[in-house]
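A, B and C are the chain letters, set down in written order, and residue numbers restart from 1 in every chain.
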Amino acid sequence: MATQALAMDPYNLIITGVGGQGNVLASKLIGNMLVDQGYYITIGETFGASQRGGSVMSHLRVSAESIQGPQIPRGKAHMVVALEPTEALRVLKEYGNPGVKVITNTRPVYSLAVVCGDSPYPAMDVLKGWMDKLTAGAWFIDATDEAMKLGTAILGNVLLVGALSAVGDLPLERDRFQEVMARTMPPAKVEMNIEAFEKGQSMIV
Amino acid sequence: MQTICDGRSGEIQLMQGNQAFARGALEAGLSVVAGYPGTPSSEIVENLAKASTVRDIYVEWSVNEKVAMEVAAAASFAGLRSAAVMKQVGVNVASDFMLHLSESGVRGGMILISCEDPGALSSGNEGESRPFAKMFEVPLLEPCDMQEAKDMTQWAFELSEEIGNLVMIRSVTRLSHASGNVKLGSLPEAAPKARFKHWGTLMDADEGPVTPVPVHYRHTLMQEKLKKAVSRFEESPFNFYEGPENPEVIIVTSSACTLYSREAIRLLDVKDRVGLVKLGTTWPLPPRFMEKYLSKADIIFTVEEVLPFIEDSVKILAADISDRIGIKRFHGRGDGTLPTINELNPDLVAEGLAKILGMEYRPVAPAYAELVDEAVGAASPPRDLAFCAGCPHRASFWSIHNALEMDGREGFVCGDIGCYTLAVLPTGFSTLRTIHAMGSGTGIGSGFGKLGRFGMDQPVLSVCGDSTFFHAVMPALVNAIHNRAEMTLVVLDNSGTAMTGFQPHPGLTADAVGNEAPALDIAGIVRAMGAHVAESDPFQVEETRDKVLELIQKGGVNVLILKQSCALSPEKKGKKLFQVDLDRSVCLGENCGCNNLCTRVFKCPGLQWDAEAKSARIDEVICSGCGVCASICPSGAITKKEVA
Amino acid sequence: MPIFGPNELINDVIKRDLCIGCGMCVDICPYFENYKGKTSMLFPCTLTQGRCNAHCPKTEVDLDALARFCWKQPYDGAPLGHFERILAARAGEKISGKFQGGGSVSALISYALTQKIVDGAVLTDAEGIEPVPRLITAPEQVPQCAGSKFIAAPTLSAMNRAVRDGARRLAVVGTPCQMTAVAQMRMNPLNREDFEDPVALTIGLFCNWALNHRKLVGYLSERMDTSSITGMDIPPPPAEVLVVKTTQGEERFPLDEIRKLIPQTCFLCPDMTTEWCDVSVGMYEGRSGWNTLLVRTPAGADLVDQAVADGWLQVEAFPEGNEKALSGAALAKKERSFRNAERQGLLNPETGDGRPSLRVPQTVLQRILDAPSR
């Protein structure tokens, strides 16, 4: 059914962030790119409190063989794409393992506990230190900054999809991305999104 | 605009579970759908509302779930196919009608889709509604993935029409809000005509009156309908077995738990030892189908959430046929193999299965687990639930809380369901002291308001939202007024059903599809009921506080309407009422006279404490420009200027 | 003087039922409010030291420290406190109007405003039975605030609000507890570098006790229509009644019932004539239409002398016999209060939990407690 077998089947991808960052959009985008290629996709979303400051998490399961459940089992994530760095760490607690890979945005979104002075927000190098200890590979991308250069902060999620594409575990080529964009976005926005995708790809070395 | 009507038959799309339900209903020729917003069900009606711009269907956000079911039933009586959609607690509200509907029967196919929330991800309870199917003797279906969500919905309409009764479909959050591959079918051309045939005799089920009387006659008919459904269940492709010929353990499962169970078998690598009986029709259980597979093994492990509904049915069935299948050992929720609270996931099922098989399941190495625990403790600050920046509820509860403290008689607020339910937490200054169901705040307030004769002198308040007011508060308010309770109801009117995604309700000028609709006036209704009415803008915190103080000294039933639209409403998004600035040189911060009032107590996400500068600051991006912080700042550091 | 914070204020004053509702802690910050006589804390404050506690007249009041600040001498327990002169006084011809007593306070305040000795006066107005703290800046508004208010009122909240709005050179008229609080504030107990004394003139009132706001309103509401009340009076003995004036006439209530509405904290107050101020004014028992007036400070003396010279105040000598009687009454209050405080463990505790309400030098205390009672 699918065009190519996966290195791991099912491949378990988690996309996480804070409400309003385009988490669901990113997961749908990746899902559509892969359904088009004949894979079985299940995306499980946890977004109940997203509008009100809460964490958001999408579990994306990719399989060439069969439909998977909407919740990834403990310790079984292969890849975590995070729109917010502390959320990446939070996800690793339940789903991380020594072989997991992480691609994360570096821009913090402060929770209420942080902004009112109750809890400190960790320094970036502290976060990086933990991620290096807890993963088999971690990439830190200034997705929000680059997105703002391209026009708007919300493009950060597309940038990260581009980065995911470049890592190469999943078949997420640029042409495939363009097809999905053309189908789901108004024509005026497609160009900007492709730029963001390509920029994200270039940020993986 | 993209709708679920897009896509040809045979095409595979990535669809959300709720979209799949909606698509299935359209493919079955649905004409009318009615519901009340409730997570995780709302997207079904929302998708059908979008579809109604390109297809001839009527979509309604009804005032409450009972009326929604009644509206859908009317369409069915007139020969159309209809659906009622709600979350689990909505079925509780609709249940009185559901009982009578099952006894009276339906005409055009009618389904009830109940989307439940095991794990209470978006609810104040872990109730479930499957027992209603048993109580009211209607067939119950549980799809296990997105494809089944579509296909079983379509089949449900056929079944409903064949037997002449309501068919109930049960979904859960992990299905409704998940997405997956769905192969589309075709959308029918025909637009059926509505006609209610009612001129037959009382006993004429097809063209007579639609009633549950004569009760014994109708009840007999109802049970025959259920028997017919069971015979269809025996042949249904939605029930099947997968696994070895002679398993050691049989898992009986349904719904999303099917996927968890499959995953558990794979995680433990025991597919040669464990068989899986997947049920799509879960009430009543098809006895011949069950007997065939229950006889395969001595250990039966039922995996479901939240109640042991199927488990109990299986045990009863097994007891009935024990002479043929032997004595079984049962595991599941009844014996603690699975937890009795919270939702399930593949790990909990794997743990349970491992226990049964005498294996160990350890998904994460202890060393890694310890390390990641440390990391999260050190570097992942918590994200609490809070009102949005610019939320009128924060301002309302600020005023109510302060009025109650100043009054000093230990007054309290009975809460209700909506975004403002969060006021039981510090984000709402922990003001709510009871929370139950829709409308319960005022019902309970009406009760507390009569306890003065027993010596209670604490001021009694209740709150509700504008949508909740129409849903369930009105009768409770009538009760308070007529029975002369001493209480004050505060209506938090933010012009929408906000928590569930900002759907419209009868107090607004638009309907589910966006057409103009007459808006009912809450103040006028309450005045006509005979309560004393006052109004205030919650962003004027001092004025609102003084009004609350005034009303809780006064006797009788008072209603205070606090009107200010939600920060996320279309008219507010991106537009600020005020430009709000903070002068750091004036900010008192930690010192006597302030003690971080705005960041430590008021806690709007737009206000941030800069520990280095020892001053508060305003985050321009998050600040929504409501100006309330300027009113409460004790030093005058925060100022507001009206935006043109 | 040890300084504590708002949580100690809650435990040591409010929870021990010592709060008199003077308003000193209200409107310095957003945390304390007073509504219909009840002081409450709206939200927890995490500070361990605060002006609310430091200024409060019901906790950690060190009489010796006050005396050294105000008179540059130790506290000696004199019944009437430190004063230069005692006079009989009443409003002069320059201020017309019918006064409940002698009108001396209204006269002095109006004069001070007119002469711009002060820019504003913190007084206690009333709306019916409800006392209303007010900042008055126009002399013609002073008479409306005249008249005894027997209900304990949060007058000092108006002072705090005025100071926050930038007001300086204020006059404050208050009861002994209120003026004790003001004096403590002027000592700048937290040693704030940015402290500016906003008060230029203090006038204290004689007081034996006040009445609990909510209890009085509750008592009267059960017996009459409180919306028609225009004022209250307690005529001199042997009347033994509280007179409530209304638009329809007068109502009388037995004083022994009214006394049940006195807050317990009043029986711990040692100050009858308001010792910590520039000028103290009270009733002149036996001579209606006149006040007893104590001049305590040079500023007070200047004010009184100028007011007399300009015709705003009239004074006469105060008979020695009356002074003796007044002294005796004041001493009795001191003695009674010190005894109550000692008995309740609120006076000079050496050890144990709970901070003292009052600190009195031991020798002074002994002298007063051992003196033969009248």
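As a convention for this text, a contact is a pair of C-beta atoms (placed from the backbone, for glycine too) under 8 Å apart; a residue touches a chain by one contact, two chains touch by 3 or more.
Because the structure is a prediction, the values reported are computed rather than measured.
Ranked by how close its C-alpha mean sits to the mean of all protein C-alpha atoms, the top chain is B.
Annotation: A-B is the more contact-rich of the chain pairs A-B and B-C, by number of C-beta pairs in contact. Computed centre separation for the pair subunit A/subunit C is 68 angstrom, with centres defined by C-alpha atoms. In whole angstrom, the spacing between the mean C-alpha positions of subunit A and subunit B is 28. For the pair subunit B and subunit C, the distance between C-alpha centroids works out to 59 Å. Shared contact sites, meaning residues of subunit B that touch two or more other chains, fall at 600. Looking at subunit C, no residue sits in touch with two or more other chains. The touching residues of subunit A, counted against subunit B in their complex, run 18, 27-28, 31-32, 35, 40-49, 51-55, 67-76, 86-87, 89-90, 92-93, 96-98, 110-117, 119-122, 126-127, 130, 133-134, 184. Every residue of subunit B that touches subunit A in the complex is listed here, in rising order: 2, 12-14, 39, 121-122, 145-147, 174-175, 177-181, 256, 259-260, 262-263, 267, 345-347, 350, 363-365, 368, 371-373, 375-376, 378-388, 419, 422, 427, 568, 596, 599-600, 603, 605, 607-609, 611, 619. Taken together, the subunit C residues at the contact with subunit B in this complex read 28-31, 33-35, 38, 40-43, 45-47, 49-52, 164, 190.
Of all the residues in subunit B, the ones that touch subunit C in their complex are 401-402, 405-408, 429, 549, 590, 592-595, 597, 600-601, 632, 634.
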